[in-house]
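Listed after this line are the structures, all set down as structure tokens.
Both of the next two complexes hold chain A, though its partner changes from chain B to chain C.
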Partner chain A sequence: MITSKDLTRKFGTKTAVDGVSLTLTPGHVYAMLGPNGSGKTTWMKMAAGLMKPTSGEVLFEGQPVGVESRRHVAYMSTEPYFYPWMTVKDVGAYYGDFFEDFSAEKYASLLREMELEEGMKTRTLSSGMMAKLKIAVTMARDARVYMLDEPFNGIDLLARDEIRQSILRESAEDKVLLLSSHLVEEMEAVCDTAIFIRQGKLIEVRNLEEMRETDHVSMADRYREIYGHTEG
Partner chain B sequence: MNFDPMIPIWLQVATSIKQQIVTGRLPPGAKLPGGRDLALQYGINPNTAARIYQELEREGVCQTQRGLGTFVTDSGETVQRLREEMARGAVSRFLADLKGIGMNREDAIELIRKEDNTDDHQ
Partner chain C sequence: MGKLLKYEMRKTMALKLILLGITAVAEVAFLITLYLNEKAADTLALTSVLLFFIALAGTVLIGVQSVLTLHRDMNTKQGYMLYMTPRNSFQILGAKMLENGLSLLLAGGFFFLLGLLDVTLLFSKLGSLEDLWKMFQDFMRMINTEIQLNSWSVLCLVSEMLASWLATVSIAYLADIVASALLNGKKMSGFVAFLFFIALTGVLGWLQNLLRTGAAIETILLIRAGIALVYAGIMYAVSAWVMDRYLSV
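Entry: the complex of A and B
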């Protein structure tokens, strides 16, 4: 559904994403892994059509990403993006104005699951509640692709189960889900495929159950194998 | 359920379902949750959930009826066979563990007897 071809992005002399060719297929939940600064966020922003590549391209169903693909791709960035005066309800309305596929019903049910109330002011939310709100408002879209950058950041252990459930509930044969996180253990059971990126380059794409069966290693083990010696 | 991330997740959930079948918590003929519900119930990937039913069917432990869902086998014999298989597996793991610390089959039997007596006195 999403194909990146020799995708490269430079910032000055630094190459953030370096010739990444990768295809995301419907029916899978992907984990995109790599230490901070390895290029995950930059790749996602280009795949979401929010940043132009220096070279290479990203195709959504065969067409270059842009205005059309953005209607089908729900992307959650790590940056906070609500105005402080907004209530939880306002955030939903704001999203509803932006995205045709935003479902007020889905939003309401996600808020219930995550124990958020419509009347709450965003500026008074704890960091954990803010993180949950970002996920709720992103998952409330009926998108074809969901890309969540660091969905478990700032979320306590108990609430992570709620996040996992809402992600699983959205997974379907015709959808792509992509999560990036350095909380690797949180994604072991939820994801089926891991994408390992290091210093902007694609290292490997692995099916997790196959990896457990043939190599007897977890995703976290493989992560340590790949990054353990070079980065912290 | 807490998973060991080094062991295939489908295998861990399939084992848990089999345990429920041999102990009767899932009686013969019982309807199992659909793939999606199984995924949500265990917090696992839906492809993993699908694999679980494929394997359980292959082993004859479950049957999927189109449009109706997946059911525990209604054959008591199959359940009995499954229980024996699982027991044999547990025994061979136990024996392998003891072998690893230099104990043989006779030592194992002796140990079990002693353990039984301790249980009786409690």
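Entry: the complex of A and C
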């Protein structure tokens, strides 16, 4: 559904993503893993059509990402991005105005689950509440692809359980879910495939079940094997 | 584009409400002085000048705010709100330009009508004051030496000023987009963009000044306004193309 072909993005002399070729197919929940600065966020931003590659391309159903793919791809940035004048209700109204797949009912239900009130101003939300709001508004879409960058950041244990449930509810045969996080153990409970990236390069893509059966290692073990010497 | 326009209007609403509030206070002060304290000529002059200043500064600020909003949308995370929507750069920038054009038109029209009303009230109340009339004409000549003080010529002058300001704002859009999309992260990008802005503003001025005919000043002003609008259209097309092709947020 989403394919990156020899995708490269440079910032001055630094190469953030280095020739990554990768295909995400429907019916899978992917974990994109790697230490800080490994290129996960940059890859996601290019796949969301927010960032232009230096070379290579990202395709959504065979077409370069752009206006059409944005109708079907729900991207959640790790940083807060709502307009400061918005209330929680305004955020939902905004998504409703621009995304046909947005459900106001689902949004209201997710807000209740996350204990967020519609009248809350986004600029006054704590980092945890902001993280919940980002999840609620993104998952209220019936998108074909969900890309969540660090969805568990700044969220307490109970809220993480709620988020994990809302993510799992969306996993389906015709959908792609891609999550990035440093909380590898959290991800292992949600994802079925791991994408390991280091210094902008794709290391490997592994099916977790197969990895457990053949190599007898968990995703966290494999993470330690790959990054152990680089992360100290 | 309607929904984009709605949110562009919302982003700039605070400044407009502030301007409206300040104008209302100045207008009330003007009317109180005119009708309840007619001997206070100094206060009357002060409130008149204040209203004129608010009209000019307000119109300028509306344009400046539009450029700042675009800058924020390209250089802060809030830009995701705009660029993750299924809208292309021509629609996104078109909504911004349309919002700015409409705001300038509404603000210009509002201040023009308010000025017309205040001048009418002033002369109906103090019609014998020829010095005041002369002072007003002198002031108009300061803006344009050939303009005559009547509603039509003032309307032409206001139209030319608004169109030229809209073109200037569109040049600022392009300069900022070039800085954010093509020169992002490069040294002196702001300075290069500023030089680019100055050069393109110079070209607009040069084009508008090419017109040296014996036509009436009102005609010349309207043609200058037309040139400014066409120029703004070209700036918009080039800006949206650069944004579409090169901008990363």
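Just so it is clear, the second predicted complex is superposed on the first by the 231 of 232 C-alpha atoms of A that agree within 3 Å, B and C clash if a C-alpha of one lies under 4 Å from a C-alpha of the other, contacts with A are read in each partner's own complex, and residues count from 1 in each chain.
Methods note: a contact is a pair of C-beta atoms (placed from the backbone, for glycine too) under 8 Å apart; a residue touches a chain by one contact, two chains touch by 3 or more.
Note that the structure is a prediction, hence the values are computed from the model and not measured.
Undergrad: Would you check which partner chain A:Glu118 touches, where first means chain B only, second means chain C only, and both and neither mean what they say?
TA: Neither partner.
Undergrad: Quick one: is A:Glu57 in contact with chain B, with chain C, with both, or with neither? Answer first, second, both or neither.
TA: neither
Undergrad: Scan A:Asp97 for contacts with chain B and chain C and give back first, second, both or neither.
TA: A:Asp97 contacts chain C only, not chain B.
Undergrad: A:Tyr83 contacts which: chain B (first), chain C (second), both, neither?
TA: second
Undergrad: Mind working out whether A:Glu225 is in touch with chain B, chain C, both or neither, as first, second, both or neither?
TA: neither
Undergrad: Touching chain B in one complex and chain C in the other: list those residues of chain A.
TA: Of chain A, no residue contacts chain B in one complex and chain C in the other.
Undergrad: For the complex, give me every residue of chain A touching chain C.
TA: Residues of chain A touching chain C: 11-12, 45, 48-52, 66-68, 70-71, 75, 77, 79-85, 94, 97-99.
Undergrad: Spell out the residues on chain A that touch chain B in their complex, using ranges where they run on.
TA: Going by the criterion above, the answer is residues 27-29, 161, 164-165, 168-169, 171-172, 185, 188-192, 209, 212-213, 216-221.
Undergrad: So in the complex, the part of chain C that touches chain A is made up of which residues?
TA: Going by the criterion above, the answer is residues 3, 6-7, 10-11, 14, 77-81, 83-88, 185, 245-249.
Undergrad: Name, in rising order, each residue of chain B that touches chain A in their complex.
TA: Against chain A, chain B makes touches at 3, 5-10, 39-40, 42-48, 51.
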